[in-house]
């Protein structure tokens, strides 16, 4: 299965499961994959920032990759995030992941890049290092510190034929989305898939601007599924109704630093993983945080019932 | 009127009104102040980041200060933000603002501070420069790049007797709030007022953690008023219901960079200011953005009607 | 006197003199100007970063400007640094300084700029705000955090006809210098003056790459004068001999944070200013630092005597 | 051989040798080690920033470690830099390196740390992760973005009994050095070894402040040897004479970004490694740069002859 520019829908960002002693919990992987597949996702993305990729050794990263690919068994494509700051590490994991059956690789700009010239040079080397494999460009300025103006993204895409998808996670990014879609529609830019991140915090707005779906890890992936469905059914009010029901929790889970702790706590509660453990450094949830989550989840459930939505 | 540690409720962050040619629109100030007073705010804060303070000359900053103080006529206290990076500019505006009748001054750490020692030294100089006037400490890491751990905030407060309020705008900051409140309650730390920012995005959660109110500039200040009222009435579900009705727009207005354009657009639509003009550099709203805002405001109104709330 | 692209030689960065109580020492200005003129500088630059411009109120900045212009009496051109982060403050000081007789204005990119597109937009606004006055583009990534690739500098120069000089202070920047000179010589780029900074730490190397001189504030401006003279006389070994004699102190004065304290200490010792006082925040020299300086100055004097150079 | 707090002299930062095709050149390691040992260094440090550690896969890092340990054969201690941003990667390489015979490990603060509390928490985890092995604390704010005030360094040292050495590379850092030495001498702080970096740019000044030697990779390690010797012989003028002879090149090699290219070029010319190749991203030297180096090396040789020093 090879990722291409027609990809759409929900690619869920999967966490990396750990045991309470912080060892890899590889035996959690099958049930985590089942949890996501049961919510009808179109694909999985692993080893992203929320996948704690930077906290794994290279061998562990490969173990996780193989475990996820084995558990999905080809049912949906799996995208693997590769390190941005080291071409050697990027090349090693990329080769191993594609060999193991990955559908494509996700690459962000290296944090040190500070000019358009440097960014273009970086992606020229990326293309050379990765060879002919499908690439997802991750545009996440809040995480990388690198700003990619729309015209620069266009130049990267045009210089990198293997780039088939943009993970759009700029903030604010709605105008960037509109610009890129207009460039495809009216100005001959090659159209690629655009999936959006930010925990889903702007998903309905992004779909109205032409996004093809979501690539994010909110702990209720059915939100992304149902918002995308309502949007495709031509019912923006319904999409917004569903979204608004989840929004208080989406927002709470999107707190920088604490967000992943919230997400893993809920995923553990829902049975997707056996423990909410993160590797260090990691924020811990206290009793007050857990009360907040319980309060928000209870309200969310009531609201979904009123909407006639199945959670 | 002198700000003290008992301050609570809603201190609205006021924008600075400009004409379409980007000149100061001082004659907009009275109606802007009336707009806020009509929504029962407990105070005003001017010349914050969302007040485009950094885009004014020093004389213009003083003109705005005098105009706002004149328009409020002592009905509510006015807090004036002073520059953090220059003690000379800080001292000049501070003296002029207090002379004109300000209730207190808001000060942030200078963006260059990179150690606890440097932060404490900075605030020691601030205290010396400002003398005996009420100070609001602004904790806004996303804007300043300076992280203030809770124990460091405590040290600043204890070393600065004139500090009567914290504008809490860390993100995530709920645990910092809980920590500070516990330190006042159980560990003998002097209790000061804590008002919260971030466009109100976490207001009900923050109130549950012990915040005394909000200091932010969301274009519907009645949201902050009604959430605070419901919270004080002991009805967290009602507070959350009101909040959730506004949340899709709160979130949209909180987009970095674009947020102020959205806020000024709505305030102009509501008649609080005559033009949404910002000084450069400034994001501009396009037709698609305006459609988004209209869509969200219409949904918000319907939802408020269902809640039996008066907008 | 109007700065143009033929400017060359030594433009010294002048400090701002303060009294021991940190008030402006405007009556120091005439002797400071005389000190620099006696060392045959071709121009003065005031209100740069080493001029503590960010620590002055706007009125003080204008006072300094007028005092320096009055003291130079038109004998050499004076360039005035204007604030980069606020177009209103930039416009106000620019107009007042040109009105008072400045030869040109120095402008840096605003620290927040993070893409080529943003940089070009910034300088388009600068050109509009400043109108038809000679502009010096300051390229100082270590101070501003903004990287300007050579091709981007070319685009700024070509889009800004009023830009007549580059203050080149990138580090490393020798290849940038070579690139820009080759672009003027072989590719039709408009040739502008290039003066170099960094306290003179690379001056002979920069001259060999085509720089027109130095714009920096090393406390022995005769170093820059004599190195430029030897270079122009076609004697790079002599230029290097003179430079090497001063290099241990150049290096010591170039320490970030401490450098200005060293510079003002020496300038006060040499009688150029009456006190080494800086405004806060400022590094202070302790006894060990003063010993270092004395040690280095004594060695420098001996070495200059051996070279037959007059200090 | 286990590093302890009595270490002094010159620990040279070794580069990682690559072939022209950017593959590891492990067979270069023996002659590189011989080159350093022939210059009487007291130790080697590998996998630092100038060792391009971030451009190696984990397996390659271990290969380099083993090759260097094998080549030194226990003649001098070898310190191995371990990754700061990932505790898993740190632990893996640390265990493997100590197992292979390393004398100690060098650890820097993770780049994301932004408060004293966070820094102390980080090093508490480091101590737990590394266990009882000798640790070198690397204080390099220009590389990491983390400022460690002297009092914070003291707290780290006191909380980390295994910390036996500080690699001091703050800039400016002379006062920090004096502070730390005074704290050991007069205030009961445990005395540890302090070696200094920055390419040797402040070496004689640092020795006068109490540094125990140098840990840096200037391409003429005999400079560090001879400066340390003259200093220990109580002859600061001689130390300065030797230093000044090398200073123009030290300065040239210290240019950020370009410096490593200069260093590897000279080391290749001197036969220490077979190729100056760096892995990407890397600055390349052009003909003008090579001319500069030749000019500076020729002058350096003449000056050393005049000094009666053997290069």
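In this document, chain identifiers A, B, C and D correspond to the written order of the chains, with residue numbering beginning at 1 in each.
Everything below uses one rule, namely that a contact is a pair of C-beta atoms (placed from the backbone, for glycine too) under 8 Å apart; a residue touches a chain by one contact, two chains touch by 3 or more.
Worth saying up front: this structure is predicted, and the values here are computed from it rather than measured.
> Quickly list, by label, the chains bordering both chain A and chain B.
Shared contacts of chain A and chain B: C, D.
> Quick check: more C-beta contact pairs in A-D or C-D?
C-D
> Looking at chain A with chain C, do both copies bring the same residues to the contact (over half shared) or different ones?
Same: when the shared numbers are divided by all numbers used, the fraction is over half.
> Averaging over Cα atoms per chain, report the distance between chain A and chain D in Å.
39
> Measuring centre to centre with CA averages, how many angstrom lie between chain A and chain C?
Distance between chain centres, rounded to whole Å: 48 Å.
> Report the inter-chain centroid distance for chain C and chain D in whole angstrom, where each centroid is the mean of the CA atoms.
Chain centres of chain C and chain D, defined by C-alpha means, are spaced 33 Å apart.
> In chain B, what residues contact two or more other chains?
118
> Can you check the complex and tell me which residues of chain C touch chain A?
Residues in contact with chain A: 114-118, 141, 146-149, 151-152.
> Tell me, which parts of chain C touch chain D in their complex?
By the definition above, chain C touches chain D via 171-172, 174-175, 178, 201-202, 205, 208-209, 236-237, 240, 243-244, 247-248, 251-252, 255-259, 283, 286, 288-289, 292, 295, 299.
> Can you name the residues of chain D that touch chain A in the complex?
54-60, 85-89, 92, 110, 118, 121-122, 125, 279-281
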